[in-house]
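There are two complexes below, and they share subunit A, which is joined by subunit B in the first and by subunit C in the second.
Up next is the complex of A and B:
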């Protein structure tokens, strides 16, 4: 069972709202003081899914691909420390300023360059831009079947049975390999690397790939190839003023709340 | 040929609320962009097709095959492509639903374009639709346009107003013959979540619980309170991830979006990803023992206390108030 997992390094999505800052002019999120970037949480779950498939099959490989600046290496290293075999870093100035389309195009070319495996895994969405489209675009570019937002993945090369989270429950889907899967948080917690594994992963080589290595022109990737244009990035404001209902006992507070709700004609 | 094609969805034979919201948005946009609004209904029953005109569609593309009622990527994608190519709209709108988030990026790619996902607001600028979308877990907003055509956009539930249904309006129906799809991935079964009582997305009052409840039993107390209020019960992702409540009840960025008149958040901290699903509520009321919890910044009323003490008192105060 061979798998490729696409992972992204992002600002920690658990950064408290109070520490979250945007540079509106540069349309960039500013790094929060003392909070390190992390592998996008759903991507760590995708790595976990790949490792479990490989373990269940008893053979195979789990390779990691990430596109991004220097920091993307850390997402790859984290995945290697979790137990993945090899990492590939799409790393070049030309990749900068891209969007879901250019990212998916580069990832699909890199996957073809490495050889299409039995299964290609993604997170349901990268927890920075929250788009949730790269996996599906890669599936389309590689003309592969896809199943998205999964909480369970079972089976081996040939055919997989997956469970998809939908608005009103779950669907069971039979999907042939090779295929594209995107993993949701309902999958469960990913393993957390031990110190020894982190040390081992630190020593592993990560291969770097440029647009030329995967058969793309610089004009097809990054800002030059993007299909979405960003016009603004800002932080929303909340304009409600809370009224804290005071009282000496919980009963008084509860009664105060009900009275306030009735006064405001909410109840 | 229309200006905007909405790829609609139905449920139990009727148009979904999100589809009516998309038709409302499409009519507001075509008021500026000019032209017509079309609706694609893949696998729809007659009642839904009839409702389409009054809800704001000028044309309905109908692919009425019982096998299409269940959304499957490999079946819906070629049909959606066929309809878009036949109609050649400038803008394609889908809901940010289980179907829309799966279909939109693949469809856009197949059409040589791109999709902007999860729009909160849509505005016309020249021949483009400017999309304001939430990102960074709700901590930021981004304004984007799709530079390629057609502009594919998915839209968050409850972010747009539907039209008042106009019974005098009817849509022209165009039948679309499904071609033989190559069903690679197949849905073999479905587990519908048990939905007793009020549905979360339709509820006028939602009572939601979080990790601070301390265990699954407390959700029983919330259900009891919800019973008094005629409310639905929701939960934070932390509570769902702990297995205390089913994922179908999760409110938030990756869960259900609700916008009730009253959202009662009990032992929920108010993380941006949670607020992404309930921030549109008309009134948020929080019960939290931490006076500094972020949820209070979004709330109209708050009680700072242990929920275990407040909940029984609140239930009896509500019973008294609503009886009298």
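Up next is the complex of A and C:
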């Protein structure tokens, strides 16, 4: 069972709101002081899913691909520490400033360059921009079947049984391999790496891939190839009004609450 | 009464040629030493007094058999210890002999003086009876031997009679001690006690030997002294009473019984003392040795894993990963249960008993350690054929026991034989975390937050500057410039936890009021690694500590104030190992100093009774018991009351050892037990000097005093908050 997992490094979603800042002029998120970027939690779960498939099959490989700046290597190393075999880093100035389309294009070319495996995994969405489109675009570009927002994956080469999280419950389907899967948080916690694996991962070489390596022109990737255009980036302000409902008895308070909710047209 | 000297009468009784006796004696002398008191009683009993003297080996033929048995018993002891030492020697050799005077003082006071045993009056008296009895009876016998072997007679006349009396009195004291030990099992048993044959055999055996010693003495008196020199026999009061029991028997019968009992007593004594090599009697020798070996550093200090990236294993998952001292300690344990009785987890009904951890490891060392030794002797791989052995970490010692430890040090403080439980427990945690990555989800979450955000407070809405917003000052006024005397290290809890931010503000106000030159690092601060270290992640600790030391050194920090005992402990005791040397002062120490110097003026507070709760890392681990109490004593209108468990015996709040971030398992929660103890004093306020204790107390008050009127609930305050209210009242 061979798998490739695509991972993205993002600002830590646990960053307290007070430390979250954007540069509205440059339309960029400013890194919070003292808080390191992390692998997107859904992507870590995708790595976990791949490792469990490999463990269940008893053979195979789990390789990691990530597109991003220098620091993205840490997300790859984290995946390697969890137990993945090899890492590939799409790293070049030309990749910068891209959108979901250029990222998906670069990833699909990289996957073709490495050889299409039995299964290609993504997190359901990157936990920073939350677009959730790269996995599906890659499936389209590679002309592979895909199943998204999964909470369970079982089976081996040939066919997989997966369970999707849908609006009103779960949907269990069978999907032939090779295929593209995106993993949701319902899948469960990713493993905590053993120190020995962290150290081995630290020593492992991560291969760097440039646009030329995967058969793309610099004009096709990054800002040059992007199809989305950003017009503004700002922090929404939210005002919180607190009204304490007074009353001598719980019943009075409840009645007051109901009245207030009706006034606010919530009830 | 005229007491005659008549040495000659002694001589004919010796049946062995004098030369041979001397030779055997030369061998036998060292044998008297470990033989302790028993032999002594018996030796003493077998002497017939002629001219207030008694004859060695009275009524005994073939006593030379004893001289054969003596070296045999010694041999057994040496063999037992030597064999066991092979298991100890599986461990790493990293003995430290620093601070010799401290170690020697501990051997004298704690080892030989049994200081810690005496803390409990009943056990203390019991142990003292048995111990002094054995020592005195040993000296008595040694004296008899010396008297026999040197040409000058010492034990004659009044000296002999006094000597007889002393021997009898201490024999009786020994009997009382044994009776107390036996009664202990019914009168006030400790919860942790294991029913073992070993305990009964040791105590019961000792009793039988002491009593039979008196019988041997009594029979000898009945067969001789009572008729020839009755006034001498009054000087052996117990023996005299026993002698009267047998007054109806014929002399021949008395002599026969005496002979039989003498041999029983003698062989019994030698057998009993041989157990020194095989049972917990070994604490006679090994407890003082362990008192010497115990580290002289703060008891909660953890040892650095040097060159961690080059280690073959992390922490301890196999016997041979322990140090020799840690393995030796397992055998010193006498199962007294003091550790478990004082353990907060055990008190709260949680799955941890330090005594059982040590005992389970000891049994494991016996079963598996022997096989490892055999493998090594045969030249096999150490774990050859041990695939089916239970996992030491996980099966012999269960994960939940390791996680339930608060590293509070109550067990270490209570242990009368100076076992250090904390490093042993944390070493196994290290293996769980770093080797196996097996830990509760809450621990994993905490470690991940530490890795990513440099603090353990997952989900906090605050930054390291948030607490300053409520202060009426420009942050620049207290920002570290490198010019100030002290760095006030706010710490993660002081910055990220609502309740603790108030403590931080109080400390800042007091420092400003006293015009202390200080600054804070604010956003440049990061966790010092303490939570990671207590949770077993030594590697993460080292990364965090290296980072912070680099930041301190770059900022030119020399002196650090902390209000968190955990930060205080790690800076003071553990950073030097990482190359970080700073003068560290806890806010209780500094505030007391400021009061003494008159830079702070305590003023009235509402009249209230306060009970002070000792934080483990301030009190037990760093010996700061008095400074906070002296501060509270200076605040007008404050009456200080103590909880029954306080100072060295203080009970942990439940948060130590990383348990702040874990779910508790078990019958009840430690903080609730402790809050109940505080409430039971009748105090209005529980005061402490640790931001973790404060949170645990607040949570405990919420449940323990759920049905108490708001105004009557225990108020929980940091000492800085009390002093600030006090100092700020009129200003």
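Note that the second predicted complex is superposed on the first by the 243 of 267 C-alpha atoms of A that agree within 3 Å, B and C clash if a C-alpha of one lies under 4 Å from a C-alpha of the other, contacts with A are read in each partner's own complex, and residues count from 1 in each chain.
Assume a contact is a pair of C-beta atoms (placed from the backbone, for glycine too) under 8 Å apart; a residue touches a chain by one contact, two chains touch by 3 or more.
Since the structure is predicted, the reported quantities are computational estimates derived from the model, not experimental observations.
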item: Combined model on subunit A: subunit C and subunit B, fit or clash; value: fit
item: Touching partner for A:191 - first (subunit B), second (subunit C), both, neither; value: second
item: Which superposed partner A:17 touches (first subunit B, second subunit C, both, neither); value: both
item: Which superposed partner A:8 touches (first subunit B, second subunit C, both, neither); value: neither
item: Touching partner for A:77 - first (subunit B), second (subunit C), both, neither; value: neither
item: Touched partner set for A:38, first subunit B, second subunit C, both or neither; value: second
item: Which superposed partner A:52 touches (first subunit B, second subunit C, both, neither); value: neither
item: Which of subunit B and subunit C A:199 touches, first, second, both or neither; value: second
item: Partner, of subunit C and subunit B, that touches more residues belonging to subunit A; value: B
item: Overlay on shared chain A, then closest C-alpha pair between subunit B and subunit C (Å); value: 7
item: On subunit A, positions contacted by subunit B and by subunit C; value: 14-18
item: Subunit A to subunit C touching residues, read off their complex; value: 12, 14-19, 33-36, 38, 189, 191-196, 198-199
item: Interfacial residue positions of subunit B with respect to subunit A in the complex; value: 73-74, 97-98, 101-102, 104-106, 108-110, 113-118, 130, 133-148, 184-193, 195, 237, 240-241, 247-248, 253-254, 256, 261-262, 271-273, 279, 282-286, 291, 294, 296-306, 309-310, 313-314, 316-318, 321-322
item: Touching residues (chain side subunit A, partner subunit B) in the complex; value: 11, 13-18, 20, 22, 29, 99-101, 104, 124-125, 127-134, 136-137, 139-141, 145-149, 151, 161, 164-176, 179, 184-186, 226-236, 238, 240, 242-245, 249-251, 253-255, 257-258, 260-262, 264, 266-267
item: Of subunit C, residues touching subunit A in the complex; value: 309, 314, 433-437, 439, 441, 444, 447-449, 451-454, 458-464, 466, 523, 526, 539
